[in-house]
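Worksheet: the structure to be examined is printed underneath.
Order as written gives the chain letters A, B, C and D; numbering starts at 1 within each chain.
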Amino acid sequence: MSEKLTKDELARLVAKDIAPGSFVNLGIGQPTLVSNYLTAEQDVTLHTENGMLGMGPQAQGDEIDEDLINAGKIPVTELPGASYFHHADSFAMMRGGHLDVCVLGAFQVSATGDLANWHTGAPDAIPAVGGAMDLATGAKDVYVMMSLFTKDGKSKLVPECTYPLTGVNCVTRVYTNEAVFLISEDGVRVRETFGTTIEELQSKMDVKLLPAE
Amino acid sequence: MSEKLTKDELARLVAKDIAPGSFVNLGIGQPTLVSNYLTAEQDVTLHTENGMLGMGPQAQGDEIDEDLINAGKIPVTELPGASYFHHADSFAMMRGGHLDVCVLGAFQVSATGDLANWHTGAPDAIPAVGGAMDLATGAKDVYVMMSLFTKDGKSKLVPECTYPLTGVNCVTRVYTNEAVFLISEDGVRVRETFGTTIEELQSKMDVKLLPAE
Amino acid sequence: MLTIAKSAQDAVAEIHDGATVLIGGFGNAGQPMELIDALLACGAKDLTVVNNNAGQADAGLALLIKERKVKKIICSFPRQSDSWHFDAAYRAGEIELELVPQGNLAERIRAAGAGIGGFFTPTGYGTMLAEGKETRVIDGKGYVLESPIYADFALIKALKSDKTGNLVYRKTARNFGPIMAAAAKHTIVQVNEIVETGELDPEVIVTPGIYVDTVVKIDGKAPAVTEHEVNQ
Amino acid sequence: MLTIAKSAQDAVAEIHDGATVLIGGFGNAGQPMELIDALLACGAKDLTVVNNNAGQADAGLALLIKERKVKKIICSFPRQSDSWHFDAAYRAGEIELELVPQGNLAERIRAAGAGIGGFFTPTGYGTMLAEGKETRVIDGKGYVLESPIYADFALIKALKSDKTGNLVYRKTARNFGPIMAAAAKHTIVQVNEIVETGELDPEVIVTPGIYVDTVVKIDGKAPAVTEHEVNQ
């Protein structure tokens, strides 16, 4: 049994699981790391919701162009085969189910694939949603990347989300530092574990875990 | 008092009434004649609903290009400043109220501006609507061009349409060979007559006619 | 990932009986004539076809209708001077017609590609084409609720594709192409030319390759499918 | 017909108290900074502003908010590390916030320009941002009814305009420009360059001139409006 995964190892795993030729949107933060591990052979096309397909790596030095940024407002580059479009067309592309995979961070994911990743629900917080709800709703597959437990040891994969929802029944896989979970109509299945066992995980989680098929 | 207008004279009159700088859609048939009388100084931009602004005159000889046609499927030309767009964008342009004037033919117009121009209602007719309902609904002003009376002397400007409607309360002006009518909340006002008088027209029509202001 | 088909016949080979097929074009502009001919030759039947018209003369969609491959047509303008095959099928009760105002047709196709579940349109309000539909007055204006038109396949024509399926069109041949490409599960495009990826300026691409599944280059004007081939 | 304004100040002169103003841009890309500065200088107040964000640092929209010219903001992402002027106004109860998921924001703006009275979107269904809104399950999927966002003015940035107002944009600076241009009654555009009509290829025009009322050429980076000027 291997050790728990680092963020980079997790990103590498997610990247490996993306089918060749896929169209993918990587959310801001941890999911962005996935792009470092996509190979040229995979021929994955990255979408950024501010109006581009065929996004390349982060721009460096002279490549920086203030008219070419990603959804995190970071300067990026353009790959051969790229295209630009306006915001309504870009979100139509997501909402219409044309992206194969969207990778997102999360505060919580429920056993039925509900996602909470935009708002802590704190009464004094200023809310901000951005494209989170659109991303959660649109892609054919929504993969979540997160640490499995909070700092005080609570599972973030829960029977029902307590944080305000981003989307209902939308997450299909949860990639964490301790295990990969598949969410299906049967329930939550553990595909693999890292430095732990399904029994050990089950002892710390309220969600019923099914073994790998 | 002048004579009744020919179709060309009527087209010339409609053209003269279009404000400089307007964006205009001319329906298939009689309205197409209007384009012959628009002057360069008027700087009118013609829209064709199959995806173009800045349509020029009908193509002749070598100008004919099968990829450049108008809504009547007639080869046309492109003027400087033209642009192309897809069908949804083209009808969004109409539906969103961006065209200043649309000129249409009609079977009947009601006193409240209802338009009937797509279907005779004959039970054995194969129905076909095309863009008629979109044109009627979309433009800021809808001008109708038609003969005022049918061959058997019935007025086509009626208290209420008996033919199936194309649009409700959409026509703002009716240009006919015998008179120009303005349709407003007050009722139907006769702007001018050609070879007849308002009294003579009233004697042949059920719609109450108001004099020019 | 994009498939570059060797022939129109290969490009349409997956179209199955009962499929809903969007067919691009307005008049001859943008009409994917060779793909339509190949669809006829492949023999798929009980099709629901979405096109602005219902076929003209003795070619393309008109032949599909003549051969009774089309169970239902969704269009805005079926009746034309040379739509005799549609007229005959319709009068014989052998084709179902759903008549849609052209702008609603375009917007319904766009809605399917854009993930919109329905929309309120002013077009058709108060007319017989709104009969039986939900209507609503919003800010004093009447609207009709219209639904997306989803489809299994789209057959469209573009000027050029690159090897990732990015498309550009030419003049008014663009018409229904971009919205049909986005609305279908499987989009098949005939193009005049296939260029290397990177040759098309990213600013001028009209249909991004994400919407395109199969392209086929058609050289010049292909011969029409003959009666003989059709009946095989 | 298109007005070519002499200055940003002239371009925004008609914006009145209480107007709804769409402001383009995502991050700095496509942000019409000089027009926003001119709007602040012109003194219009009680504005409803629609933008993806709610201003950053001490420039542009953030200053409009700091000076309490904005009564209400409709946006998707107001809270950022440098959105201190919005944060202060919001916590003081001096600005109304309508929070809209980014794709619904874009589609609502598009709907206004396209004459759509409302649409069913899956985004936000089952979340607190759908509370109080009409929802509907269509073919087993949940949707929320959203309304168009109409506006009096749009302030956007494009790369080039010709003398009829046809626009082209540059890279991801396109973002909200085309849909905002179509949604507003009066669209004001700052461009890097104005070219003769006929110089832009009709195939590559993104915003047709029908949607544009005023353009102004901004040479390079204009100086930011100073505190002094703002308070005059």
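We take it that a residue touches a chain if its C-beta (ideal position, glycine included) is under 8 Å from a C-beta of that chain, and two chains touch if they have at least 3 such contacts.
Note that this is a predicted model, so its numbers are computed, not measured.
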Exercise. If every chain is reduced to the average of its C-alpha atoms, which one ends up farthest from chain B?
Worked result: A
Exercise. In whole angstrom, how far does the Cα centroid of chain A sit from the Cα centroid of chain C?
Worked result: 35
Seminar exercise, completed: Averaging C-alpha coordinates per chain, one finds the centres of chain A and chain B separated by a number of Å equal to 54
Problem set entry | Residue list for chain B, restricted to those that touch at least two other chains | 78, 84-85, 92, 94-95, 137-138
Seminar exercise, completed: Within chain D, the set of residues that touch 2 or more other chains is 107, 110, 114-116, 121-122, 169-171, 202-203
Problem set entry | All chain pairs that touch each other | A-C, A-D, B-C, B-D, C-D
Exercise. Which residues of chain C touch chain A in the complex?
Worked result: 1, 110, 112-116, 162-164, 166, 182, 197-198, 202-203, 205, 208-211
For this session: Quick one: which bits of chain D touch chain A in the complex? Just the residue numbers, please.
Result: 26-30, 76-80, 86-87, 90-91, 97, 99-104, 106-107, 109-110, 121-129, 142, 169-179, 206
Seminar exercise, completed: The residues of chain D that touch chain C in their complex are 107, 111, 114-122, 136, 138-139, 141, 143, 147, 168-171, 201-204
Seminar exercise, completed: The residues of chain B that touch chain C in their complex are 48-52, 65-70, 73, 78, 84-88, 90-92, 94-95, 114, 119, 125-134, 137-138, 164-168
Seminar exercise, completed: Given the complex, residues on chain A that touch chain C span 20-21, 23, 43, 45, 47, 53-54, 78, 80-85, 92-99, 137-138
